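Comments concern the structure below.
Per-chain residue numbering starts at 1, and chain names A, B, C and D are given in the order in which the chains are listed.
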């Protein structure tokens, strides 16, 4: 059985072979490990990995499976599962105006029809007492402001549509 | 003593205050906004009153609604916690007018100390060393320049009404001064409704050391030693400890005396904190007074064995402080780590969301003042503090090890936390050497990224979790009912 | 220092010992029986070794299996906890022969102090006051009677090898003596393989007060004050506290000196406890030495700020004890309540079973040394202790209130516990007056039955639970993925 | 809606009338209370009863629903539910030889065919280091010993069958 787990931009591939109830051998890169495991509770697993005993805490979250080992928590997602979501669109460069975290819109600085420069401030969102200015990813014209002040917004949600200026390489609207 | 207290706050500090109230036999009233209907503080109180929408200005910061909740429930006193209305002189004054006991200093004291220029004047008069700089504001660029040159560069522009870095600018050259003053004033005006700024000497390699004080209404003031709070991100403390690795007994005594003098100069009553900047030569300067219970008060409780909230309530009830300075002893070493919902790998960006799983650290010398629980949705509207993990041990080294053990056993799944970052800070050579200056994170951890050494282990756990059935372990095979037969106890063993 | 320690125990004490090991950077090995495959102590260790069937004699009491586990894992030392092999001189001797460090006193000391008659001889020679009574056994009824009349009635028959009330009889009249001696000897022979019994004066209205001692291998011995453990059911402690409400500073110092003298007389090394009986006139008598970590050691840790397990390990590693008697200070008041799986309404009958839900108390000054978790099946084979709830506060009154708050917030569902009983004891007038004699429960709580005043509330909760859907609160409506857009942090606030 | 909850030998009857989502009025004896409630988690309920807020912790156990309020835990069972089990047979007097708690048989003191007096020790069970002697509930003859030393036993399980002596009033075997 092969697992491909996404962690941020990286994929961890595990070739897993079950060895009886509660055990498996896994190959990760050139490393091979013998694992035995038992579920302690819904969120707690006991592992023995090459003789060392480890407690792992696991919970499903909207961003993938959160797994804590030794005080270190990682978000892992099955790459093949539908909607395995890249944690970051950084590879292509951010092209949409969307908040980095769940937040509240506190200020809107542009209006429909307004021309904006790349990097120009568009709106301010606030989360947990920290204000964040969202800026234009490229030069263009604001075709639509999709939110109002006081509105709750979330990552991926496009807050402002911008029609790129002719010189912009990216095709189409930022959406 | 009061029969009922309303806690005008939320989260861990509201829960912590309620615990002391319960131990004192005082009924508690929580207030909660729409976002906090199922918040821990609202659950733990004897009564809980809805005070409005999630937006802080319409709930926790709304004086009218808080006062109405006090009247509706018949509470005799209000504990403001920290943040929100805790240092709002108008709120304290309103309580005074309404006959509600405000658990904190008098409104007049809050107002004076809330204006940094007035506070500096008071301290100078009281003989407390202040940072070299202005004692009033200035009106024109020429006047600024005169002051600046007296003080010397680099210097710091600060807002009189300020806090949290707003309206603050470091200026290195005379040429930058005028524009920086104007920008700072604009920012301060926008943030506080007051654009007054002033200049202070900038002390680059310094520590933030504060002294806890307790003053009763009868003129008796003592201090409870220091807290070192130099490790900050975004001007917000993240690790605090006591004793400070930088203080000698003589310096501790001197700073304690200065803090008591500061409290006396200000006419202080109740618990408060006098913040100082300590330079590498051991000179200390008054920074400000926090006129409330400090977030990091638990480390003082750990080393002194005192319950600061109880002392606050007793002082507010008019009781004399019977503790003398000689009776207060610090013992061992305490460290606090603030567990925020934030992502240290992304510049400590907030990370609200649902706590999917929570496992708190426990054990000897471990205290976790926690304001959330598994299943709770951490709101986007408020401060990101989830809990304060505090440890106490015999020495700084042992406390550090204890904190590392506690952090490593703390699972918060569903939101990001700085737990792994804190593990790395605690294990670092500069921390262990006590080189805790206010630039600590910028100097040593600017490029921090999460340790990946157990990532593969986490991936293995992920696979194991997918392979292990989720069903509960079956109950015992035995039958359930208990039909007592005829029996009698034969013997027993003792441990 | 050791690199790896095997903990030859289970439950809360094994977990507690591992915590200190982790803080000291020492790897831990757990041993577990079949019943304990998923026990907390087996989960928390770095390695866990199966040592046999559930039956204690074939696992936790099996010296061969424990020694084999030590060798298999390469542990350098064994911590025996309390109970099981902790006071087994043969096990300590075996460790000595195998080159394994036994974290406790030398085998010879354990053997001497394990025989109560020899212990009494040692103490008398060492100038420690002992309960009036015999210093040897007797062979025939006439000899018993001679001793009995010297001692006076009522008197107590005790087993030399004894513990936990086995082989113990109170005798009020000379006519009962012969038969009682024979019965006690039979019981002792059956229980301990040694029928030796002796007579002591019975002290009816007395307190159980014990002194914690620490002795290093270099002849330096100190005491860490007393613990009052008078409140017992079935000769087993259930509430302990320190300081004792009965001790004056002078008496504390005298008992401390006697305990140190007792330890010196016995050649004691490591942590130990000298138990005394204290009569209402303030006279105290040596009872026995517990040659191990005591169940109730946390209350001493709370008032002294010391980690006793760390000191045990350091002493066992041959380090000198650097603490002096003058450096040890008790501060505040600590209380421990033992949370057993038992039913106080049915004569404290054991209540094994599955923990269906567990919510531990938290907060300032609260420590819960817990050995179980929700979902764990508490085995029928072992001691019923689930956790030890410990509080610390400034005074006895405040500690009592803190304990009441903590108990009232402690939910253990699925097995019976004495939590409600303990709540009533803590709230009672005799407890609050410090009238804690060994007959406390028999005198004040013999007819105890559970308080029913919140039964109707519980019934209402039961109905509400049936009416409320069990589904999890839905997650936030927001989309999950995070596509960071272009953004930058604008500002920040400080608390 | 009527609830009849067994607590030990007693029945608590509640006449319950739902009042909207998350609320009800209940009559218990002559007491009438207004209740609002919300589930906090699987095992935790928040109640407001006549203005006072109460947290209750609830879990299903083999002996009924365990409910903790203010540090006091009660076992409550729906009287009408199938198998609503009396916690005690005390009303009729104990007539069977069964352990009071899950335990291990440590000693068997009688043999099949042996005559026993009322109160005579039959066997010893041990739980959590406490030994308990089980005695004959009436005089008679041991017709069968159903367990062996070392065996795990549980309440309700009949460990020894006794044929009552002729003089015994109770009809039939103790089983």
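As a working rule, a contact is a pair of C-beta atoms (placed from the backbone, for glycine too) under 8 Å apart; a residue touches a chain by one contact, two chains touch by 3 or more.
Everything numeric here is computed off the predicted structure, so don't read it as measured data.
Engineer: I want to compare two interfaces, A-B and B-D. Which one has more contacting C-beta pairs?
Structural biologist: Looking at contacts between chains, A-B has the larger number.
Engineer: Can you name the chain that lies farthest from subunit C, using the mean of each chain's Cα atoms as its centre?
Structural biologist: A
Engineer: Taking the mean of the CA coordinates per chain, how far is subunit A from subunit B in Å?
Structural biologist: Their C-alpha centroids are separated by 31 Å.
Engineer: Roughly how far is subunit A from subunit C, going centre to centre by Cα mean, in whole Å?
Structural biologist: 50
Engineer: Let me have the rounded angstrom distance from the C-alpha centre of subunit A over to the C-alpha centre of subunit D, please.
Structural biologist: Inter-chain centre distance comes to 52 Å.
Engineer: Specify, in ascending order, the residues of subunit B that touch 2 or more different other chains.
Structural biologist: Residues 38, 234, 346, 349, 353-354, 375, 383, 472-473, 475-476, 489, 491-493.
Engineer: Can you tell me which residues of subunit D touch two or more of the remaining chains?
Structural biologist: Expected reply: 38, 61-62, 100-102, 129-130, 132, 152.
Engineer: For the complex, which residues does subunit B have touching subunit D?
Structural biologist: 37-38, 43-48, 373-375, 475-476, 478-493
Engineer: Enumerate the contact residues on subunit A facing subunit C in the complex.
Structural biologist: 38, 40-41, 46, 51-53, 55, 61-63, 85-90, 94, 96-102, 119, 124, 129-137, 152-157
Engineer: Any idea which subunit A residues touch subunit B in the complex?
Structural biologist: 3, 5, 7, 12, 14, 16, 18, 22, 24, 26, 28, 31, 33, 35, 37-39, 42-45, 47, 49, 54, 56-62, 65-74, 76, 100-104, 127-130, 132, 150, 152
Engineer: Which residues of subunit B touch subunit A in their complex?
Structural biologist: Residues in contact with subunit A: 55, 234, 341-342, 346, 349-354, 356-357, 359, 380-384, 407-414, 416-417, 419-420, 423, 450-451, 454-470, 472-473.
Engineer: Mind listing the subunit C positions that touch subunit B in their complex?
Structural biologist: Per the stated touch rule, the residues are 16, 19-20, 22-25, 38, 82-83, 163-166, 191, 234-237, 295, 298, 301, 305-307, 310, 329, 331-332, 347, 349, 353-354, 360, 362-370, 375, 377, 383, 385, 392-394, 398, 401-402, 404-405, 472-473, 475-476, 484, 489, 491-495.
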